[in-house]
Every structure is written in structure tokens, then in C-alpha cells.
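Alright, structures below, take your time with them.
Next come two complexes built around chain A: one with chain B, the other with chain C.
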Partner chain A sequence: MSKRIFSYTVLIIASIVSIFPFLWMIVSSTNKSVDVTKGRLLPGTHFIENLQNLLNTVDLIPALINSTKISIITTVLAMLIASLAGYGFEIFKSRTKDFLFNFLLLSMMIPFAALMVPLFRMFGTISQSVPIIGIDTKTAVILPTVTTAFLIFFFRQSTKMFPKEILEAGRIDGLTELGVFFRIYVPTMKTTYAAAAIITFMASWNSYLWPLVILQSPENQTIPLLISNLGSSYSPDFGMIMTAIVIATLPAALIFFIMQKHFVAGMMGSVK
Partner chain B sequence: MKKVLALFLVSILLLTACSSGSKDKQASGESKDTKEITVWAWDPNFNIKAMNLAKEAYKSENPDLKIKVVENAQADIVQKLNTSLSSGTTKGLPNIVLIEDYRAQSFLKAYPDMFQELTGSFNPEDFAQYKMAPTSLDGKNYGLPFDTGVTGLYVRTDYLEKAGYKVADLQNIDWNKYIEIGKKVKAATGKVMLTQDPKDLGLIRMMIQSSGAWYLKKDGVTPDLAGNAALKEAFKTYKEILDADLVKPVSDWSQFVAGFNSGDVATVPTGNWITPSIKSEASQSGKWAVVPMPKQSGIASSVNASNLGGSSWYVLNVPGKEKAVDFLAKTFGSNVDFYQTLNKEIGAIGTYKPAAEGEAYKASDDFFGGQKIITDFANWTEQIPQVNYGLHTYAIEDILAVGMQDYLKGKDLDKVLEDAQKQAEEQIK
Partner chain C sequence: MITAKVNQNQALKTAKSGRKIRAKNTAIGWSFVTIASLMICLFYFYPMVQALILSFQSGTGANLTFTGLDNYARLLKDPTFLTTVKNTVIYLVIQVPIMIILALFLSVLLNNKTLKYKGLFRTAIFLPCVTSLVAYSVIFKYLFGQDGIINIMLMKLSLISEPIQWLTDPFWAKIAIIVAITWRWTGYNMIFYLSALQNVDESIYEAAKIDGASSIQQFFKITIPMLKPIILFTSITSTIGTLQLFDEVMNITKGGPGNATMTISQYIYNLSFKYTPDFGYAATVSYAIVIMIVIFSIIQFKVAGDKNE
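The block that comes next holds the complex of A and B.
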């Protein structure tokens, strides 16, 4: 019994610590800037006012559309590429496979900050001949993040538990290799896809450094960049900033809640 | 599944088609891009507004030039500039960019060919002299000075009165006197004197610049920490203020603003750009005054004027630079009326000396009990000692912030500064 009390106390404290910032964010979005700086914890009545200020000062809707486009395209492409790669690494036999895979994992060790300048240079060079995927385009934001070593690793790990006999059966029944992948593997691995999609979508939605350096014109601005600009003022309007953050958090939170069940199952690596 | 493959091929084809199409567009865009220039700056209520006003003022000079003002946070501008310039790509860079004076030299030295020289497009004599060191390199002007970070001591007159002081008692004092007043104010009102963020040594910077000293020697490269009398005195004063319990610790900007908005502190020693934040609490109208910054005691060269922050406009060496230079020269570089508008609309105080003769600079402000604060700030601006901010202001400050904590815990001050000196020399090679 005392053991249970102890673990509940720890859990309650941990929940408060992790929920409080969200609570504070939501409460602050309903207060005036002066009240936010005073640390007011009661909900106020200024949400509409903050929202109007926000819509008047920045182009919120275009930024939301940009972020949505980039995140969705990144997620769809990443799912396709990473799962194909993870599937290939696990299902097909080859001698150099493990060497290649280790090489891939090594690339996870390099921090993005180190890759940024060469990557930027690369896109600078591309810009001269193919401006559509060069600097200051959404494609340039999407391409380097379209798949990650982690995602491929994630898919390979999940594929380890995949019953390979089904694939055999599919082949015998006359499916092509692509058919096996799309008709059998993809539907079976739904939960893994859900988990991977959430991870990718959130990473892309919150991505800051790369969009920051590669996007130049305000028309291409994404939500994290917009929020960063809001805080740039010598006398920032904290109520308005918090409102912007609430709006930026909503889509990611919604997607997470909708897919939560699959996400947990996917992380556990279960196969129906 | 052949359908999927076909779809792929088609989309690749489409992409290529699009790309060649937009390439043509880009080419035609480049030929006319001298008709449009881009500006990067931060703070929509201050720098961005100032640029938009300049845009209006320039319309009568050249109505054909389109000026696009893009808002970016300061840290973001630094990041973007560093990435672009160090990868040698000028694509997407703006024509004009705002850079903080503390950082200017590091950009000018690291990328000398990327900035357009402005020598001759404006008269340096017309600007506050302290602005010239950060904006020029090897005797050539690269930056057009914009706002002043001239500092003042914002004081709550009502708290002071309770402790038996008048505003006149705080004119041209030194930091020892400030501490003495602080103790009495605390005894009388229970309020502390100021807020401090332990990570931000802005107060130290203000103190040493009032004595004409900096973290670096005049060459802008050699660290000057050990044996820097002004810095040593500043550290001592900082500790005395803390020991006298006159400080409310804060951890970020919002708490700093809350400190004076909620009436917790009796004074705010900082740059004039804080005025709008102070005035945002309308209920405190008439209770504030601004007096000159205290000077350092025991330092002969110290004056009652200093600087915190402030930035200048730079023109990048990209197509359209001539137009950009002309635009800056005819607005921020020489237009007295424009500076009056700037002051009336956004309270910005420039460093252009002839502007002080204008009407707006002589207006009195009821929030500050009818004080002509702009006139005062403009006068103090001219007294700010010129120092070379050089490179690495923030790198050295990080070292000093750690040293400060050691000193507060009881480490010997000379030893602290010597250690900081060694560390700085190693780090900055």
C-alpha cells in the first residue's frame, strides 16, 4: 500500500510538472501582456483581443498553410521512402546490407548544425540551375528532411517481428514484389506507420533551424519562424505570442490525440 | 503497381517542366530586381516601423523604387547571415540589414567583401562619435548609424520622496551614492532598487563604457580584463549592490519588464529603448523621471552617460546596392524632418546630431512629470565615450558571467579577472 502511495505521489508531481507549462500557455493566451509578465494564473477575457492583434500584425494563415503543406508532404514522402528502405534492409538478403545499415546509423551521430553550411552551399549551387528546388523554396525545406536514418531504423526494427511467411504466400499467389509490399506489408504495419507519421509530422511541424536559414521571403514563412519573430520586439506582447503558440500547438496535439492508440501500439512494435 | 510507377514518372516530368518554366521567370526577375530592394530588421514596433517611415519619406525622392521590409528576429538574422555568408552564397540575401553594434565588427572582419562601403555617402561628423567605431573598419564607413542605446536611470519619484529624496538629488551621482540612496529607499518603502538577470551583464557593460573602457583593448581584439580598472570597479559595485540586498533577481526579459510594471523596483538603469515598456503601465503616469546614468567612483575618466545596445544599417554587396545606399543616405543619413517623424511616431532617438534641433526632440512628456526626456537623451548621447566593441563581446561576457558568480561566492577579484583573461585569450585566438 505504501509503495502505491509513493508511486502515485511521484506520478502526480511528474504530471503537474509536465502539464503546467501547457496550462500556463493556455491561460496566458487569454490575458493581457502586462498580466502575463506579472505571472497571472487565472484565465482572463482577452483571448479574442489577442487573436485580433495577432491576425492584424502577422500573416498567420499563410504561415499555417505553409507549415501544413511542408509537414504533410514530408510525412507522406518519409513514410514511403523509410518504410521501403526498412523493409528492404530486413527482408532481402545481401552481404553488404549490414555494412550499409551501420553506415546509415553512423549518420545519426552527426548533428545537423555541422551539416547546415555544406547543405546550404549545395542548395545555393542548385539554385543557379534549378531554382524550383533551390534556396527559398518549400522543396528545399522538405528534401533534406524527407527521411532520416532513425525512421529507417525504426521501420527495420518493427519489420523484424513481421511474419515473413505471409510474404511467401503472397509471392506464391502471384503478387509482384511491389504488390507484396503495398498489399500485404503496408496494411499489416498500420500501427508502425501511425507512430512514424506522428514522429515525422511533429518534427517537421516544429522544425526551426533549417527552414530558418533556407527560407528568405516572408511568403514562405513557417509557424515556428513566425513565433520567433513575434518575440523579437524590444517590448513583446506576451498575450499575443502565447495565442500564436496555442494555435501552433493545436494541429500537432490534435493529430497526436487522434492517433494516440496506434502510436502507443506502434511504439510497442505489435503486429496484428 | 505499375500505376504507382507511372504516377512517379509523371510527377518527375511535371517537376522538371515546372522548374524550367520558373527558371525563365527568375531570369526576367533578375533584370528588373534593381527596382526592388529588401531590408531585414527585427522588432515590428521599432526598427520595422522606422524602416517603413523611411520608405514613406523616400517616396518623394524616388517613387519607382520598391522597398520590401522583412521582419526577422535578431538571433535569426545573425544565424541566416552567418550561414549564407560563410557558404559564400549571396542568393536570397537582402540589400540592407540591421546589425547590433556589439556584433558589427565580427561581421565586418569575417566577411569584408560582402559589405558595401558607405564612405562619402553621409557625413560622419553629423553623427554621435561613439557610433563610428563599431560601424567602420580600417577607416572606412560600412554602417549608417541608426538608434542610440543611450542609457538613463529611470526612477520612481514617489518612492524617492518617501525616502526623503528629490529628483535633483539624483542628478549626476556615482554608484556609491546610488547604493546609499537605495538603502534608504528600501528602508522607507520596502522596495528594491533594480532587477538583475545573473546571465546578463548589461549593467557591467554600461558601467565600463561610461569610463571609456571595454572588454577589449582599443585594437578590438586583445582581451582587457585583468588590470582593467573600470571593469574591476564595476565588479565591486555589482557585488556591493547585491550585498546591500537592493536587487530582485529575474531570469528573463518578461520578468525584467514585470519588475517595473508591477512597481517592485524604484529604478531601472537601462537604454532609452525601454521607454515604451515603462509607459505601457499607464497607471504609473507622472510617477517616473529619468536622470543621467550614475558614473563610476574612483575612475577619473568616468562620465554620467553610457550606452546599451543600439544598432546600425548595413548594405550588402549584392545587386541593387547603389539604390540601397542612395535610399539610406537620403533618409537616415541626412533628413532632419524624417527624424522628427521617427521620434513622434515611435519614440526612436537617432544618433543624427542635427535632428536634435527639431521640434519633436523638444517636446515634454507628461508620463515623466513633464520632463523633456528626448532632449535629455539627445544631450547624453553626445557625451557617450567612444569604445571599440571589437569582436567577441558576447563570448567574453559568457566567461565573465561565470567569473562574476565565483567572485560573488568569495573568490578574490584580481584572481577572478586574471583567470577570465587567460580563458579569454585562449578562446579568442
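The block that comes next holds the complex of A and C.
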């Protein structure tokens, strides 16, 4: 019995510690900045006021639009590229391809900090001839992050469980190899795509370092850059900043709660 | 005679067309993996080669000249670099073990079949993973502020008599960062252990109970050995993550006070985009992270491998 009480106590404390910063964020977004500094932990009535302040101080809507565009394009492209490759590596297995696959996996060990300088210079060179995909463009944000070895690995792992006879049936019915992929594989792998899409969308929505390096003009700002700027202001308006963070966090949190099962399944799928 | 020849011809034909089909299949197979492979080579491996070449060059901005191993010599004498390595290693050796033990512990508690509200606890503890690194960093910056809610609560509980300088004291600033990272990632690792635990055969524990093993013995003698592959996986990913630490430090302390919390990634960023850009030296520093990742991964594989024997 005492063991049971111990378990519950530990889990309740862990849950409170995990939730508290969220509660504080939500409560603070409804309070005036002065009350936040006084340590007020009760919800207030100033959310609309904070929101208006926020809209007047920063370009929230353009930043939301930028982040949404970048995340959606990244996710769609990433799904296509990674699933084609994951499928190819598993269905058309060969020794050379396995070697290539293992080689690609090495890229997971490469820290982004080591890539950012050469990538920045690479896009700097591109800027001189093709400015629309160079520095300070959405394309430059998207291109280097769209293909990850992790996603290819993830799709290959999931393809291992795929009943290959269905593919053969499709071929006999006269589908081309691309037809087999799009008409048979993609529809049956919906759950895998859902999990991979959530992971990619969240990573892109939250990405900070590369946009910080490559985006320069304020009108291209993404949400993490905007929040980081707000957070480093010298006389912070806490209510307003917390409102911004609530707005930035809620979409991701909602998507997560709606698709929680897929998300966890996705994380697991990557390990099994 | 004639029929034999026809047969032979036919056999030759099928062999030929078989080869053709196989060649066609190989081509199709390769076309599926080409785009992804090219993208990874272009945006990961090619820049790494570029960084290696850069690391032998020096100068400001685009005016770079080859200086041989000068950058590497400078690296070993650069006090800021050595401080950032020290900081990063401190985060690593303190934060990763604490987080993994905490996550293991929580997952064992949650794996209890008779526990109520399991889903609720699991969701609550996993919740921090939903936040973006920047968003939670800014929240923690204010939580740990001098008149932030943590100091207010600690003082109300009379645990401290005056506010702790969480963000301006070199020691406490490191603690604040470690607390923040642990908050963000413990639930994430816990989910991995939890799903691995669900695959462990219940009867092993029952047998251990009959043999009189205590909960603690069961934890160290059964749970940890059974979860070893997944612990290795999470400790390697956490190590790689911590060695690249950037968002949190940038947004909680900006690396301060002085350089007391600055990480290697942040130093690379500063060298390239904040100070007068020295891309060559920044590339040299970035190779230091690569080497550290390789070393730590090998150590972890060795440690896990030895126990297997």
C-alpha cells in the first residue's frame, strides 16, 4: 500500500512540474504585466488587451503566415521525397543500395552547427545568380531541411511490415511502378504518413537556428524568430509575450492532442 | 535438330529479356532513391567537405586565405572555445544521466498494471515535448527571473531568504539551463522506455518476485538490462542533442553571464554571424563538435557492448 502511495505522489509531483509552466503561460497571457511580476497565478481579464498590444507591436499575422507556408511546403515535400526513398530502399533492396542507405544514415550524426556556415555560404553564392532561392527566401529555409535520413529510415522501417503481395497484384493488373507506389502503397500507409507528417510539421514550425541564420528582413520572420525577439526585449511586457507564446504553441499542441496516437506510434516506429 | 535450335533460341531470348527486366527493375529501384540521396549529399555531406576545406582557411567574410593548421592551433589556445567545451560537457555529464534515470524511474512507475489515471499522468509528463524550444526557453527565462515566479514561491515557502540570481550567477545560470532541458525532454525519453517495457514479458518479474527480489533489485537486474538497447539509443540521441545545444542557451541567458553558459554551437554562431565573420575559424570549431559526437558515441557503444559480453 505504501508503495502505491509513493507511486502516486511521485507521478502527481512530476505531472504538476510538467504542467506548471503551461498553466503559468496561459494564466499570464490573461494578466497585466505588472500582475505577472507580482506572481499572480489566477486568470485575469486582460487577454484581449494583451492580444491588441501584440498585434500593434509586432507583425504577428505575417509571421504566422510565413511559418504556416514554410511548414506545410516542407512537410509535403518531405513526405514525398522520404517515402519514395524509404520504399525504394526496402522494395528494390540490393547490396549497393543498402550500402548507400547506411551511408545516408551517417548524416544523422552531423550537427547542424557544423552545416550552417557552409550552407549559408552556399546560398550566398546562389543568391548572386538566382536571388529567388538565395539568402532571405523561404526556399532557402526549406531546401536544406526537407530531406532527413531519419525520415527515410522511418519509412523504410514501416515498409518492412508492408504486405508485398499486394504490390505484385498491382503489377499484374498492369500498374506502372509509380502507379503501384501512389495507388497502393500511399493509401495503405496512411498512419505512417500521419506520424511522419506530424513530426516534420512540428520540427519545421519550431525550427529556430537555420531561419535565424538565413532570414534577414523582418517581413520574412517566422514565429520562433518573433518570439525570440520579443523575449530579448529590455522592458518586457510579460502579458503580451505570453499571449504570443500561447498563440504559437496552441496549434502544435492541438495537432498533437488530436493525433496523439499517431505521434507516439511514429516515435516508436522509428526505433523498432 | 531444328526444334532443338528453336528451343535454344527461345531460351536465349528469355534469358536476354530476363536480364532486360532485371536491368529495368534496377533502374526503377534507383530512381526511387535518387532524389533523397542527392538532397542528403548536397545539404549534408557536401557542406561537411566544404567546412573541412574552410577550416584550413582564415580571414574576414569572403576574403579567405589558406593558413594550414593555424586555426587548429588557435583552437587549443582559445579561452572562449575551451570555456564553451567545458560548459557543453558539464551540461552533458550532468543533464543526460539525470534525465535518463528520471525517465526510466517514471516509466517503471507508469508501467504498473493496477495504476489508475495512467493516461492522464502520461499525457501530463509528455506535454512539455509539444512546446517549441524557443517558446519554452522564453517561458523559463521569465520563470527564473530575479522576481520570477520560482523565486517568489521559494521565498513564500521560506526555503530561501533572498532571491537566487538564476540568470546572472554563473553557477545558478547553468542549473537553470539544466532544469529547463530536463523539463523539456524527460517525458520524451519516458515514452520510449514505456513502450519498451510493455514488450517485456510479465512472467520474468513474477519469477523474480517468487525468488524474493526486491523492487530495487528488479529494477537493476531486470528492467535496465532488458531496456539496454533503447537506453543506448536515447542516450546517444540526447548526447548528440546536448552537444548541439543552442536554442535554449540563446534564449534563456544569451550565453551569459560573461560566457558562463555559452555552448559550442552558440560560439560558432557568434563567430560567423555576430562578431566580424570568421567563417574559417567557425568551421574549425564546428569540427570540434563532430569529433566530440563521434567520441561520445563510440564510448557509449563500448560501454553498452561490454556489458553484453
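FYI, the second predicted complex is superposed on the first by the 249 of 272 C-alpha atoms of A that agree within 3 Å, B and C clash if a C-alpha of one lies under 4 Å from a C-alpha of the other, contacts with A are read in each partner's own complex, and residues count from 1 in each chain.
By our rule, a residue touches a chain if its C-beta (ideal position, glycine included) is under 8 Å from a C-beta of that chain, and two chains touch if they have at least 3 such contacts.
Not measured: the values here are computed from a predicted model.
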(message) Should chain B and chain C be called a clash or a fit once both complexes are overlaid on chain A?
(response) clash
(request) Report for A:Ala82: first if it touches chain B alone, second if chain C alone, otherwise both or neither. (result) second
(request) Give the label of whichever partner, chain B or chain C, reaches more residues of chain A. (result) C
(message) Quick check on the superposed pair: does A:Gln260 touch chain B, chain C, both, or neither? Answer first, second, both or neither.
(response) second
(request) Report for A:Asn206: first if it touches chain B alone, second if chain C alone, otherwise both or neither. (result) second
(request) Go through the superposed model and pick first if A:Met116 touches only chain B, second if only chain C, both, or neither. (result) both
(message) Just to be sure I read the superposition right, which of the two partners does A:Phe238 touch: chain B = first, chain C = second, or both, or neither?
(response) both
(request) Tell me which partner A:Leu60 touches in the superposition: chain B (first), chain C (second), both or neither. (result) neither
(message) Looking at A:Ile133, would you say it contacts chain B, chain C, both, or neither? Reply first, second, both or neither.
(response) first
(message) Tell me the contact category for A:Ile142 with respect to chain B and chain C: first, second, both or neither.
(response) neither
(message) I'd like to know which partner A:Gly39 touches here: chain B for first, chain C for second, both or neither.
(response) both
(message) Out of 24-32, 78-86 or 168-176, where does chain B collide with chain C after the chain A superposition?
(response) 78-86
(message) Based on the A-chain superposition described above, do chain B and chain C contact any of the same residues on chain A, and if so which?
(response) 36-37, 39, 116-118, 120-121, 209, 212-213, 228, 231-232, 236, 238
(message) Under the definition above, what is the set of chain A residues touching chain B in their complex?
(response) 33-34, 36-39, 57, 116-118, 120-121, 124, 127, 129-136, 176, 178-179, 182, 209, 212-213, 216-218, 225, 228-229, 231-236, 238
(request) Over in the complex, which chain B residues touch chain A? Could you list them? (result) 1, 4-5, 15, 18-19, 22-23, 26, 42-46, 70-76, 79-80, 83-84, 86-89, 91-94, 253-255, 257-258, 261-262, 273-274, 276-277, 280-281
(request) Would you pull the chain C residues touching chain A in the complex into a rising list? (result) 25-26, 28-33, 35-37, 39-40, 43-48, 50-51, 54, 105-106, 109-110, 112, 115, 120-121, 123-128, 130-143, 147, 149, 152-153, 183, 187, 191-192, 195, 215, 230, 233, 240, 243-244, 246-247, 250-251, 254, 264-265, 268-269, 272-273, 279, 282-283, 286-287, 289-290, 293-294, 297
(request) Can you check the complex and tell me which residues of chain A touch chain C? (result) 3, 7, 10-12, 14-15, 17-19, 21-22, 24-25, 36-37, 39, 41, 81-82, 84-85, 87-89, 91-92, 94, 97, 100-101, 104, 107-122, 143-144, 146-147, 149, 152, 177, 181, 202, 205-206, 208-209, 212-213, 223-224, 227-228, 230-232, 236, 238, 241-242, 245, 248-249, 252-253, 256, 260, 264, 267-268, 271
